[in-house]
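Each structure below is given as structure tokens.
Shared between the two complexes below is chain A, which pairs with chain B and chain C, respectively.
Let's turn to the complex of A and B:
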């Protein structure tokens, strides 16, 4: 029994720099980061950025960029606010994509509604909501909630200063575009999940796992925009 | 940064060796081990409780796998069928059954019970007899031991397993005869399927984590800005309709994005003089290499790169002239610099430097490396004295690492820390698997 410890009896506060791997160093090669960025451009359908990045950084594009042209055109249509055009293009490509994904379908229809409201087409917006969105909302309470939130845009004189103004933002279009893009990717089985979001999720998951393991402190990173770590001032001497 | 061969070798990690055969140097009494060291037979009477003959594998369970597993096939259950399969540590007494002693774990044939640190077992699984195959596995990350019978998993037998263990088998009645499979032959149990399922489950868990919708987009933008990939940033912004383009030349920045992009482009095209010209134009004091400061590394690499570019153009005499006139300023600054100079000058020894052992210095990758070092120095200079480095969109300061790099380093460290707090057991995280 001697060498068997009790649970929770883990080494705490080692004086070594934390988190060094078996090789003793933590180093990330530039080439790997470039490949991650290229993978992001390719999977998200940013053809021009991929092409420029290949030229500027010398990173291989992984796939023939022409094969992602469809996705690029669909993405751009959503980002321009031309959701109907994007949905037509998707259906030309593979009608099953929208048929099988009710969440995605709802989000795109919701985006159409948002675009109508943006263009101040109030009558059309209401008709569209009643005819196409309300039936979807009946099937799913979460959809209904989102529909109600979207229609709230109509209640404000200036929706762009209202509490639901986020719906009119560029980011909203981008999110819809990304969601659609990833559905097409799945249907085409061309690429797996984009790697960059997966790595961010893995970091979040890993930090939670480490927290469960023991409460020994370590610099935790919660802000993925700045890369700042909490307790970093306290922990700095431990880093090399 | 210094693209030497040594740095490259650090990357290849060799996995620990697994048990491959029975340990014939030290095993219990009354045992006869076959020539191939994979079968063992009990040749005693087995009348006393201390007459057990136990034998272990030649090596311990490797610490760097997710799951370790081996199997035992019962050729003959002998007189009483009192065979035990399991794990035990190095100090295990070989006259005892695995499970009876501390730091030993066993699944026993006669009653199907599981044993740990006790002569009294607990109900666990079915008994096993002649013709059966039982397996024993350790899940190193969950610290669990499980057993299988004829290809079917019997569930977790023990939790919180920590010791370094060896596959261990005990025999205790006449004519008992077992054959051990350490993986040279296919297993009855689909261990690969189990591992794949584990990985899949974990991946699903990871995917359920949520990150801010714009996180990736912003991360990529700040990466492009950090390294001065201005054209890509422009194309990305145009495509993604991002609002936050950011001006090329920021207030208080000594070198703006446009400058950094131009330096990168020039270095990429082999125009080292042009790149240096831009630096000196902005900061005249850089004409003379300083003893210290953020530009020492950059100036050194630029100087070396100029030498390399001359060699690329087959201008050997000019290259030698350049080396003579400018390398001495850097000699003796650091061991790294001296070693790198040696590597670089070695290029002269080869008729075809591209095909030489130092050929990596002649590649585009090396140009990129030099561009990165120079870019880092320009960023450092831009944030000197300005505390508000985050105002630059995360492009400056912080040891001149891009946010993406900070995140990836954090991921590697957290993963390594998890393993360290698990007594250094479990798979070793390999970032490459997630990047390529």
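Let's turn to the complex of A and C:
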């Protein structure tokens, strides 16, 4: 996404700084709004919505929508515990991602190990750990501790009640999935989060700063759902 | 890179599976082959151990064969074949990455030619896959073994720079950067309009793509005046680079700094671009702090380049603690056994930067000594890498400008032995710097002189003084001159034994005036002292040296004032000898030239030197009043007295003092003497 102006850039003070529209509202260009919305769909991976929105509003995407689909398939595969499939797809998308990110690579292999343990495939799990994970630990001792912790799962009769039970939780899959998702977004030079939530945070922060430093009235937005501003003799700030 | 051979668990079992897979890659029908290929790809990506196992089983050959077979009929690829091509490219790329023997196998397999062909494909998926694989190969540790890309390949890569898919364009930019770094193909790239395309790509909104563009820009403008100037004339590019030098993570900033440094330090840079050096320095120093120990080899090089020839900036760098940072970084590199090219390059950069900062700054030199940097520097003089040796030598040269350093640390670290061996270094530049360093080392500290003499240093210097390289002749004669400065007779004899008289005469007649000047000062230092010091010089070949001095001072010589000054001092030293020595001068044409020197309006130093000759010739000698008297008379007849009297109001106070003393000498004991 291109330059969305920073609201903070507006200097406090003179009345006409708030814009020059007589009705007290400032026009935010429709195209900009649409791009914000599109950015949200794309980053969050709502590919069908993005496609439909592109058709209806004519908003172009800077990203190939197919890659979003791939990204979502990959994310879901990890969430389902099918890490091998996810890795195959990532390598299809861009083989450099797993090549260069040894930490991510380790975490995915670790997740594969966790899934084997979950399926009670003890022998396979041991072999897998030795063949795939031990050499990684050998090259990067920082991974050894995590590896040991994972293997500790095998030591318990019922790993789901063990002190390392967190490894078997949904949270763990979620973590791996979003680490992979971020890496893909990074490789495609996309932001890791949509712009909209950040813009809202920025707006709220700016309003608080204004309240702290000045008594000058300004059109304050309290209801983010409707975007209504408090009545004021002044005009509405624009996100420009 | 770490150890090449990784630890492979369950070796025989894993190996057997790899062997089977390679067999399948060779024999199966295309669809099944494709499945195996994908499996192999997924096994090796990110996993050095697996790569190692598969490379050993011959997987690289098998995969590159698949690629070659698939491309026999490139116009018509079905879906399976297309996938085979993409996956084999990805697999070959992965084999090149992180494992030296993998990269080697890929290069040997000849796959580069097929990958290059793919760059021209009309299927963008194939182009991207090939470009990615090539980038991994060009960034691998064996990249130096690649042959230069053909013109056609470079042309294809440049076409990729304007792709709508900017990520692939960026991959191409990274490959082109390597073509410049490894094979020096910047001008070739430029001839296809590469620079313009790169500058356009720099305007991309994708940071990664901008990074790749900067890699390429930095490589293209490195040591290339023409391209650096071309970039500096593009305001849009310069302003983007400036913006990138201030924002983003350190590695992005560093890339931008490399580009700006290249364009702002080239000799013909426009003034406003040259000024960017001042602006950039604090950014680079901050990067130095941030990237310290990150082992990024470029930071110290950028710093060194930025500071080169700029004393004010060097001082700012010192004040910003740069010497401390660099020296501790250097010490941290000590004792690492295996060093790859990158580690060498890093060391070279750190040493160069330290050398440049301490070139004119005594505080900086002191810091290096106090931080105990000297042992590492001296150790690096013996490094096997040309660049490291040259940089260490530069560092030693800067440090040798400090007497304190010579007397303590450099002496203790036994710098003389490695430095002397650098006098016969295969690299001309190292030889030049080493001989310059030696000039400083032998200047005044007797134990150092002794060591160098004992280690055969003069023999080495004498040999260098015969070099066809005039800089080497200059530095070596200079060092010999310094060695002879206020030396005693024994030392002089030992030096002349090595240098030999015929060689001294040859140097006095050298084609380079600068070398001649040094040779004249050797004579000047040789005849400084007692009668016994003068005798061998004037005796050699019936006064050959005197004839040369006569010629140098003669009206038709065209000698510079500098050369004349040293020659006159040599004459003046000879005149401090015995009556015989004085009369040798009295009887030569030199005397007339001395008178001319007194009349020289340009150089007051020359007038002072000439006055000294008169002072020495008329020096009071109780034993032989008569000789003094006859010299006084002759000098007066020649017009010396009149000339000296006309100089009593000389504009230079120095000259005035000497003239007064000379007049006193010339008139002493005579009727006129009482008048002065």
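One rule holds in what follows: the second predicted complex is superposed on the first by the 125 of 240 C-alpha atoms of A that agree within 3 Å, B and C clash if a C-alpha of one lies under 4 Å from a C-alpha of the other, contacts with A are read in each partner's own complex, and residues count from 1 in each chain.
What we mean here is this: a contact is a pair of C-beta atoms (placed from the backbone, for glycine too) under 8 Å apart; a residue touches a chain by one contact, two chains touch by 3 or more.
Computed from a predicted structure; not experimentally measured.
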When the two structures are overlaid on chain A, which partner does A:121 contact: first (chain B), second (chain C), both, or neither?
neither
Under the stated touch criterion, which partner chain does A:175 make contact with: chain B (first), chain C (second), both, or neither?
first
Identify the partner contact of A:41: answer first if only chain B is touched, second if only chain C is, both if each is, neither if none is.
first
Tell me which partner A:166 touches in the superposition: chain B (first), chain C (second), both or neither.
neither
May I ask you to decide whether A:76 touches chain B, chain C, both, or neither, giving the answer as first, second, both or neither?
first
So in the superposed three-chain picture, is A:210 touching just chain B, just chain C, both, or none of them (first/second/both/neither)?
first
Figure out whether A:102 sits in contact with chain B (first) or chain C (second), or with both, or with neither.
second
Scan A:202 for contacts with chain B and chain C and give back first, second, both or neither.
first
Return the chain, chain B or chain C, that is in touch with more residues of chain A.
B
With the two structures laid over each other on chain A, which partner does A:145 touch: chain B (first), chain C (second), both, or neither?
neither
Which residues of chain A are in contact with chain B in one complex and with chain C in the other?
2
Contacts from chain C onto chain A in the complex sit at residues 2, 6-10, 14, 38, 41-42, 45-49, 90, 93-94, 97-98, 132, 136, 167, 205-209
Chain A partner, complex, touching residues on chain B are 10-11, 13, 64, 89, 102-103, 117, 160, 162-163, 205-207, 209-220, 222-224, 227, 229, 231-232, 234-236, 238-243, 261, 264-265, 268, 364-365, 368-369, 372, 390, 394, 398, 401-418, 420-422, 428-429, 431-432, 434-436
State the interface residues of chain A toward chain B in the complex, per the touch definition above.
1-5, 7, 10-11, 14, 18-23, 25-28, 30-33, 35-37, 40-41, 46-49, 51-53, 55-58, 72, 75-76, 79, 170-171, 173-175, 178, 193-210, 213-214, 216, 218-219, 221, 224-227, 229
Give every residue of chain A touching chain C within the complex, in rising order.
2, 62, 84, 87-88, 91, 94-96, 98-99, 101-102, 105, 127, 130-132, 134-136, 138-139, 188-189
